[in-house]
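One structure, pasted below without further comment.
First chain written, first letter: the chains are A, B, C, D, E and F, and each begins at residue 1.
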Amino acid sequence: MAKADAPDLLNHEGLRIAERDPVNDEYTYGRGKDELRPIEIEAGVLNRADGSAYLEWGENKVLAATYGPRECHPRRDQDPAEAVVRVTYNMAPFSVSDRTRPGPSRRDREIGKVTSEALEPAVLTQLYPGAAIDVFIEIIEAEAGTRCAGLTAASVSMADAGIPMKGLVTSCAAGKIEDDVVLDLSREEDFHGEADLPIAVVPKTGDVVLLQMDGDLSADEFDEAIDKAYEACYDIHDLQKQALVDRYQGSATNGGNR
Amino acid sequence: MAKADAPDLLNHEGLRIAERDPVNDEYTYGRGKDELRPIEIEAGVLNRADGSAYLEWGENKVLAATYGPRECHPRRDQDPAEAVVRVTYNMAPFSVSDRTRPGPSRRDREIGKVTSEALEPAVLTQLYPGAAIDVFIEIIEAEAGTRCAGLTAASVSMADAGIPMKGLVTSCAAGKIEDDVVLDLSREEDFHGEADLPIAVVPKTGDVVLLQMDGDLSADEFDEAIDKAYEACYDIHDLQKQALVDRYQGSATNGGNR
Amino acid sequence: MAKADAPDLLNHEGLRIAERDPVNDEYTYGRGKDELRPIEIEAGVLNRADGSAYLEWGENKVLAATYGPRECHPRRDQDPAEAVVRVTYNMAPFSVSDRTRPGPSRRDREIGKVTSEALEPAVLTQLYPGAAIDVFIEIIEAEAGTRCAGLTAASVSMADAGIPMKGLVTSCAAGKIEDDVVLDLSREEDFHGEADLPIAVVPKTGDVVLLQMDGDLSADEFDEAIDKAYEACYDIHDLQKQALVDRYQGSATNGGNR
Amino acid sequence: MSDDVVSDIQRQYLVDLADKGRRFDDRGLDEYRDVSIETDVINQAEGSAHVRLGGTEVYCGVKMEMGDPYSDSPNQGVITTTAERNQMASPDFEGGPPRGPSVEVSRVIDRGIRESDAVPLESLCIEPGEKCWVVYLDVHCVDFDGNLFDAGSLGLLAALMTAQIPNHRHDLGEPEPLEIRSQPIMTTAVKIGDEILFDPTDLEEKVSSPRISVSTDEHGRIRAAQKSLAGGFQPEEIQETIRRSRRKAEELRSNVLETVKK
Amino acid sequence: MSDDVVSDIQRQYLVDLADKGRRFDDRGLDEYRDVSIETDVINQAEGSAHVRLGGTEVYCGVKMEMGDPYSDSPNQGVITTTAERNQMASPDFEGGPPRGPSVEVSRVIDRGIRESDAVPLESLCIEPGEKCWVVYLDVHCVDFDGNLFDAGSLGLLAALMTAQIPNHRHDLGEPEPLEIRSQPIMTTAVKIGDEILFDPTDLEEKVSSPRISVSTDEHGRIRAAQKSLAGGFQPEEIQETIRRSRRKAEELRSNVLETVKK
Amino acid sequence: MSDDVVSDIQRQYLVDLADKGRRFDDRGLDEYRDVSIETDVINQAEGSAHVRLGGTEVYCGVKMEMGDPYSDSPNQGVITTTAERNQMASPDFEGGPPRGPSVEVSRVIDRGIRESDAVPLESLCIEPGEKCWVVYLDVHCVDFDGNLFDAGSLGLLAALMTAQIPNHRHDLGEPEPLEIRSQPIMTTAVKIGDEILFDPTDLEEKVSSPRISVSTDEHGRIRAAQKSLAGGFQPEEIQETIRRSRRKAEELRSNVLETVKK
């Protein structure tokens, strides 16, 4: 995936781009290889949804809302034995550089599918046979790693809605830039890098419930990337839990982050 | 909305365009500011519909048909407490200067929605809980003021179908041309004029059940436009009633107008 | 329909094109006016479908599958008095010279409709009130006469599924080239010829259950074309029956033709 | 008759009548219902016609726009035919995207006109490979009592025969009539019991009978045909129907089409 | 309140309150809920705003791309407005293609901006007949408690007022602000019982009451209006509401819009 | 097995078997079903393959048309991949617009080919910024018994390896083979109980087991991966599966792909 006209993704000290000045097209370096972009999570930010969360991750801005358990329409989606978890993942038209048409794209629908398959294993679905748990993820602004951000927010919104779960689901990616495996690719790194590997984990059980990868990795690099992303999920898990604690201890001021 | 290359919309006597010679692009004047274009209404013109009406209004040619009360499909449209009035408003592909694709456009769907909201208040919907009253408006040829023509015809078709109603619904527009508020804009006036304000009235109750406006009006001009259109609705109401009388007294010859 | 740059469709001996060398654009002649292209049929070629058939006819390659009788979704398709026969006719995107978009085109939907109307008369539909018999026809490669090939295969797939029928349905076309009525047009003949007339017959009853025609035929030519195609259907009927016999006597090696 | 399904009693009644050479509306087996055609009913269209065929009523419009020829036929214009089964026209007609029956009627009417070369595509060329006329033929059914094929075909032909090419709108000179090379007439029949009945009503089309539509040009040549609906015909029935279709087409041509002003 | 249908008891309660000049959330009849606007919230957009109007929350974005002008207006750019009723925002909002209510809100918000010439289309011309700016206005509702018309209109106006034309992305020089010729404010009211209430909540919009939205520019002129939902107004009620709408628009203009940085 | 839902008893049976290192069709855990590939089966396509993988059967086609390059990659051609879950292939496959599972299979197969640069996009450039080859890759599944990912990927690779660029159709000279820079092989496994099983059948994919697909090139490098379906893997299970996937890919490469004539 290496492309021409790429900026240096690592400087001479092995540090990554931290910021880009769009006017002069100059870069500031400072992020370490195993360092996440800044993440902030707030639970319970919407009025109508049964549960919700707002998340900023680098320049990603994401809202997630959960409705349910509720009646499942259309009926062909119903499972008589358990609740179904349905995820709608959608990019706002203004969230990316080139305006997108309203409504889920094919990419959005694939991400919605694998996200629902990542969330469902953590839900005690057998408690609500025939019901639907509907999760809506809206990407308000996209940088890179939107599926990880969306999934991480979605899980918080489900907990906020009181959905009985074995545990939260947490997502993070690792990738490869200039032959180094690093954590959590930014926009420039995603564009010019050599591989991206987003995963999601249920920290309570240790299960990897989402994994996608494209690019070019040796088997060892693949292992290393999994390990890095896996470990980071446990750090992000702490942020998710704190957001829920804040929500129920009232220490969050509504709209504080936004 | 004033555009270049506009013809004089009012002549030196303050009279409006009555006719246009398309070959020489010349105009004949003669219509007064408060004068409607010619309107003809005929009820009961279709065989299959439960009720129908044909209406010519200037160069507008409109058919309306009512089916119902009948079973409501799909079920999500049902209201257990009363009948729902559903309106499909559609322009024939050849009805306008540039051929339109078959099927309702976004404009058509908006007009369908506000038309159903204008008709429903006049219907004794609580008599038919769970049922649907389906109204179809087809614009065979369009000049200007098609939503008024369609709504006026639709109401006659509902009466012809025997739908129990508090009263007929009647629609007419006023507008502004060359700084004058006038009644019932024609094609040239709509195109070159400064504002258009269609309304619909239930003459029995005096309620305004549809109102849309775009352009540029002072508050006083707005009042004047409402008054003009409101008054005209009562005149058109007489034509609607006469069409129904003719229909049931058999004085109309089927197909007379068409 | 005669077009410029047509090759000679009949040679001096009155024989038709048998083969075309695409590189040198040269033609070999040899097919007689009443001669069919080579046809091979195999029944029971798919695992999942209740019945299936594979058919090669000239360069046409066709698969047909039958599911049913089974529950009929959506309910609006149901007939309380008998089973409905629903046919989905579809061209694979790579089956024709210019790649087609996936999913049935308008042409495909018309052929699906007339094919279902051709198959239904042969089925004892009253045995399965409310049920659906779903037939899928996939054109893997198209030469000319795909609707005849598809219908002929579909009928074998229904028999293979054990659908109770009065008899098989068989389809074949006749056409006109260089003022001669001939059997079973090939690609060049269809493109440069003057008329095409596909029919389908229930050989058991003699009923013509599909007929389409376009081009230019005198009444006598029309009669002649019907007669030719009608007679050929009885020959093709023998091939259909043999395919079913082979299937149930196990003499066919699965995948033999493909 | 607001139901798609016809009862066995109704079917048997129609069959019994047909056996005696009769129909429930007292027409003869070959007899068409009253036909009226009015042209130039829509000023916004280049050509138009309003057709009543018994209880079936259609508006037909011809619109012409300037467009690009297809790259594989640079010297030809383009014709597109659409026949809408508007929900207004019958309680049986569905909304939403067109399903089989709507697609079929569009395509059969289109073939009737296209295959007979009624409007030669080369006559629609403006500048080879650059500009051509795109002709939209729309059949808009507002009341339906069967035999939309014939009503729509007749209306479109009348609309085409009276259409004016809008040269003036594109600085190409005066409006002029479209070139009409042939005048195909479609006639439709159903088989009820053992009898062939022309110009079927909605009820007659519903009694599980097969239907056949045949398009004939002014030289008596067959240009298009389509069997549809349930059941089948014996081959000799088809051949006989073809001959009767040609006669009916000739009748319609002289009785009805001649009233259309050139 | 996850149900589209409101009970008679709830309706009567709201009517009784309105009779006494009160509302269930203790607001005055003309009183708006708290409004907050934050702009420049989305770096990927040329302009953006985040609006909270009581329990209704929208993100608005302005995106500008280079495109072709329409052939009949070679000197003008293009504006396209879409307002999404995302399922996230309310249990009543449906997925799938937009139905009547979604289409209406898009078109009414669009007319409010277009008819007042807020962004002059000629100012979007880059090269006459060749290139122009295509401006996409998107309203993305994420939480819904009524009055999407006003929240969306206000947010789009704020987004437009702070938008920067991305000249630099097309070698046309430095970014520069969009020309804003007028600042239309939409105000919406419903009639409950015999009273007119501004800025309705979702519940107030559901009690079978008629609604009227009026767009007023900074000169107090009416640029667009739309009555919707069930029921009707007496003409004098409309005329009175128009006057109150103009006052509310002026208030919103000085209290809220002034906080938007130019 | 015409039902989407698998009973608890069936699930338990498969788990018990897997515990003993066995499968219901007596295969080993790493064992693929019989694979056959036939190429050049469709004359109308530039390349084609017919693949049987046990009870799963697909036709794959490569079609090439001349088109316009994207403005942001003037030196590259375009590849589009579509995998259809035709209703013919399984009673579980739905008609209508593609839903999640169909979209996923298209996109995963596409990534397997695209990310490994199997067909270098620059090799599809005809005239920079003006003309390029648009390559349509279509997977047409006609019989489905699980593991469409591997069957489709293998078929497309075989079709690409035998495809001929149709230069002659555009006066660009003789047909010539497509440039194939890498040969990615996708291998898919599911976890049942605590065991990893390769090349799952439809039943094995349905027992609420997680699935993982890995695309490996001829240098043993991982080019794409996708976990899907219910449940999850422990990280060491993934790392172990990756290693087994690479071995299986190597086997398929030498046993199956080598039979494809160049």
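Methods note: contacts are C-beta pairs under 8 Å (C-beta built on N, C-alpha and C of every residue); 3 or more make two chains touch, one makes a residue touch a chain.
Predicted, not measured: the structure shown is a model, and the values here were computed from it.
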Touching chain D and also chain F, the following chains: C
Contact-graph separation of chain D and chain E, given in steps at minimum: 2
Contact distance in steps, from chain C to chain E: 3
Most widely separated chain from chain C, with each centre as the mean of CA atoms: E
Remotest chain, chain D as reference, centres from CA atoms: A
Pair in A-E, A-F or B-E that repeats B-D, with over half of contact pairs matching by residue number: A-E
Inter-chain centre distance, chain C versus chain F - centres from mean C-alpha coordinates, in Å: 31
Length of the line joining the C-alpha centres of chain C and chain D, rounded to whole Å: 27
Interchain centroid distance [CA atoms averaged], chain A/chain C, Å: 52
Overall pattern in which the protein chains touch one another (line/ring/star/complete/other): ring
Running round the ring (origin chain B, first step to chain D), the chains in order: B, D, C, F, A, E
Complex interface listing, chain F residues touching chain C: 38, 41-45, 48, 50, 52, 55, 57, 59, 61-63, 65, 82, 84, 86-91, 95, 136, 138, 140, 142-145
Contacting residues of chain F [partner chain A, same complex]: 5, 98-101, 103-104, 106-107, 111, 114-116, 210, 212, 220-235, 238-239, 242-243, 246
Contact set on chain A toward chain F in their complex: 1, 79-81, 106-107, 109-110, 112-114, 117-118, 120-121, 197, 201-202, 205-219, 222-223, 226-227, 230
Touch list for chain A against partner chain E, complex: 46-49, 59, 61, 63, 65, 67, 70, 88, 90, 92-99, 102, 134, 136, 138, 140-142, 255, 258
